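This is the structure I want to talk about, given as structure tokens.
Order of writing sets the chain letters: A, B, C, D, E and F. Residues in each chain are counted from 1.
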């Protein structure tokens, strides 16, 4: 794995071959985010996206109390997004739009990362926790997780991704609107029933272990096949089936020219573990 | 709340501050709809949409037997949609299209209402019950509810919204096609399992109480935040994530210039109930 | 029903009035597919689509062991899709794209068939089993079914439809990515919980019986209403609600000029079974 | 033709069989618009849309000096769109949005009118003149016409339709941006060269005569064919070719069941003038 | 070039290396189309699409009088599209829709042909002439060409592609609606001014010569580059710039792995004529 | 204006208040591009986009001979885009895709710049000249300009934007395909006739003067109005009219809260030159 030690707000380790583990590193403040953190977040996932030694990513918060409590509201009030703006209404709106654009762009880097990401929600997981986990591929959580689309309670509609992505990652729009409009806190079981997470584990430790295990499994497979699968499912979300089929055909017209097919077939027959070249 | 007494097919009351309750008012006929009713329905929800004293809406049927049994087929056969049309095939089709356009437009006013709507399904809830409840934001029902996409049984494909919206509000397309193609009646538990409703209560009375309680909670929050959240989730349904993020940024570039953020933050710190200006 | 005896890889029978049953007919090889089979598959469903004696279709595999184990990998390696291609990278890609286009087109014929299709998954149901069943309208399975999006295990991203359609037929995108990226085998209960199938039956025989029963029910209804319902739900998947409402209005402007409405209403009143003209 | 005398801001006459002529009727003020006028405009075109005695519409301004000079800026400053708004930034924006929505909706009624509209631009044709004429089907003008997308000069981006429709009715996007960003006045020849109008005539009188003549020609043809042609070209603008072809097939599946085809073919053979039933 | 002698309604010759010339072969009837002809047309262009000896196509009509006068109305009245249909309104519409679907599909094969097509319009070029030429890549014509979107004159809206494609191949929507609604005949100069054709030549012979010359030039270039260029421009028409850029990147990620780049660069330096492998 | 002296491949000057002039600065090599240059180009336009002292931009090439001859093919062959890639076909394609993504992203920054850009084409303007100028808002050129979509001549389909944007900035698709498929050189008059440029001037000097004059005019107007107009026209290109109208309403709901309207109206009345605050 490349060197990730220059990042200060995130711990990046490699718990298993081809697997990276990213932790939000501000546990003393419930991993609440201020501007420097989301700027760095984008850079972390950009680097992981092209790092040939990384084939799957686990994403969690440091410490036992929270994945993240969301935006650091105090910091935002003092000098950031919520600190008011200068000029007339149009100029204030322009400055606000540029700020939101940049913030959204950083969080979207999680989604744009070419490697599969399993997000482990645990403890307090409010606001930005939902925005960010909707960008991941697989969401799991521990039994003690408390989740909320909290934004309405500070007088705003969530604008960093939750309202754009949540209706597309879960099933039950009545439920999506219930939690988004009421800002109420819900637990792991409700998240599972609604399809927001696909597994619930007994504790944070068990969740992390399961995530690493899943990531290792995926990392053992052809990276050409895995990264293509991620890309094509994401593409499907925003396109018609006809467009999606066409894009798939073009994508695979190049990707099927990989040695991985031969390696995989041969290993399948010989019951050996295939090795795939870096990507 | 403004004056809604001029409406004859709908009762509109205010069970709680900033909450309106709309009842379909033809209980003696299972709240079946004829043309005058849907024309009036559109006007009711238009008025609620801009009424500054309304911040959330409960929608149900009057009486114990039905939310609505759907289209009043007899009325429709005698002089309405199903009474046949004049002229050659093209002219008959034109007249039919204009009729459907107008009918769809009235029902869509429920969706276009800027305030969150919780729809309480109860008793018989057939045909138009599904079209209308798909336009609401949150759907709940009582244990005794009987639901059906009934249109196939009168020889038509549902055309007032069910087939356009149902696949986007629930999860399980196999189930959507099962019930839409077979027109079979299903109950509250199946509706819950499929994600069509997000809660089932023991009786109509309990459901109404829960709906009012939810609506009151939502009505106590910043109307800028709440109405923005509704708008942005609805927008997300029909747009790509990229389009949706951009629209969200533009929307919030104006909406973040509200006093509500300050009020909400202050109340949060002081543990008091915030008061928000009308919208 | 028209004559389907010229097809060699598929058994087509009529277990009930207006119902066709299509069986994949290569049980000795777990119904694995080679090129001739998918070319013929397209023709079978094209014929069913316009056959006026068919109003609903049951789709399953012959034999007890498998719906289908998917692509016959050995055949594909020896002379087909996976056998490598000639020329430089661009020419190889062009030849591959044409091959995928044709393969996709054949499988999409299932979806384009104008009659409702209930797909019975049973036994081994891997790879192409998912691609094909996603094209059906209703999916049910027997308790012993083993499912997998297997493609990653042979070094490729699924390109015949699974990655384009699966995210649109089920609810839980976290689950969709879990199974698609890991290629793990899952069972009937998990398929039901995720909304991939809408019912699980005790055995293949019970599943087939239930499918025929459902198909017979649907086949007893107005074919104008039933086929319109299928078309409009499929259209909704790929269009905004506004586009979908408009298309529905145009569709029904012609379709409401059917005698079926009168027959259905009359039968409803007289409690008799309506008879509908062929379509 | 139905009775249009209740309209006060527009003269509606019938210069020829099946042809309506709508004139903006405020020549003493260069036909500048205030709120009552656009509200009435919507109603005029709604009525024309379904009036069976109207098959084509000519749209122009009364008097010799202007089609329209656009928004009556003084009226708008005193109590309308530009008069400022109350409440905090979010509440002011909400009130502004509702106002724009309503204004746009009125102007869009021109486009939604089912009958072909030929718009005659003449004299001063600024701002709203461009918004409205972009909603018409055919645009012609007299030699003396002065046109401008004037909005930038009063500090706003045009929001009633010009910026949404102009890039789709003309060819040269470099030119569209030139005139929209600079707000400069351009003449008839430049409008013709850019494809904004399709003919230039020597005077307003000649233009009106040509418009009536064109409208009469179109009104002499099958209204089923003519109104279908308008609808399908408008649909094509906003959809892919594949979507457009499908919509066309559905539309014509009903429309080809008209007697007009027989009448048209027969008249073609007999060299007589066909008569078509009302629509 | 492969063998095209089995086609009876079209002459296919090779006037130059890698160039095919397709002529509509019914000059005694002004090349008017009946059903067998459009079915065969689809097959001709399918074959050309994958024929490795064809790199560019010229498309014209046989004889001096017409490219094509369009649909053979007499044949259509006697047993085809315009001969009326059986059953109630819905059944007649279904049968009509299937007919239009098939007809559209045949004509669209011109567009789907992977090789560039230059269409030479000459003499009478009505109705289907416009539908077909809109599917070609480049349109040129001779001075004597008479064009018309003729369908309105037989009581129908054009449904085989003109109304879907014409607004996307020319600039001036006012002109598109003028000619489509009035069905008036227009000449070569007007076609050039509107951007419907890109060149006008003195005679049919000169036009054919120019077309062959253009096709030969294009056929002398890298077929990987040429066919990619066609595909990407067609894709751009129906997609946003963002989608189009992404599709382009995926397409070229395979196509840049061609030997043609090296050959082209080398020939450029050496001033020799490059030779490219078949595609 | 902020400090732009750190850029080495581009000269950035301010010929007039609020106007920036960007010159491609490699005249000795006909302003041909290598990788460092496009990376820097993105940064230049990012900076201009938010620089409050810039309200309009002129973009040209340094020297008399060329706007740009396009990609520096020799540099690209030696170590860049065309130098071949490592690994199997899939890995080579992945590396190529990442390279194209980055290149496209840099060029798209021209389009994303919030200020209007007038591009002056002059002398040799091949390949990348077309990609870049399609991102500008207004295109003008001098009489001596030689243009070409040159990519086909080096064996590739243009992939940095030309094929995605050119069909949307000009009118005549037949012409677009002619020049893109043949790679032929065309002159200023043809570019004007096709609508690719909106004015032709006698020399480069005259063109630059005209561009500065136009930019100064635009820079003298309300930046809120000007930048909104640019954004809304660009948005319209990729969206339906309905989507575009809605986005416009939301955009202007904030932007109309500017002091610029009052300043503009007042100056209009007083015939003075308005001054607008920075944006």
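By our rule, a contact is a pair of C-beta atoms (placed from the backbone, for glycine too) under 8 Å apart; a residue touches a chain by one contact, two chains touch by 3 or more.
Computed from a predicted model, the values in this text were never measured in an experiment.
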Given chain C and chain D, the chains that contact each of them: A, B, E, F
Homomeric contact chain D-chain E: same or different residue positions, threshold half: different
Interface copy of B-C among C-E, C-D or A-C, judged by whether over half of the contact pairs recur: A-C
Euclidean distance of C-alpha centroids - chain A vs chain B, Å: 33
Whole-Å gap separating chain C and chain F, where each centre is the average of the chain's CA atoms: 48
Residue list for chain D, restricted to those that touch at least two other chains: 89, 92-94, 168, 170-172, 195, 224, 237, 239, 242, 250-251, 253-258, 260
Overall pattern in which the protein chains touch one another (line/ring/star/complete/other): complete
Touch list for chain F against partner chain C, complex: 89, 92-93, 242
Touch list for chain A against partner chain E, complex: 239, 243, 247, 250-251, 253-254, 257
List of chain B residues in touch with chain C within their complex: 73, 77, 81-82, 85, 89, 92-94, 96-97, 100-101, 104, 108, 151-159, 161, 163-168, 170-178, 180-184, 194-195, 237-239
Touching residues (chain side chain E, partner chain C) in the complex: 50, 87-91, 93-94, 98, 224, 227, 254-260, 277, 279
Touching residues on chain D, where the partner in the complex is chain E: 116, 137-140, 168-172, 195-198, 214, 217-218, 221-222, 224-226, 228-233, 236-237, 240-242, 244-245, 248-258, 260-265, 268, 276
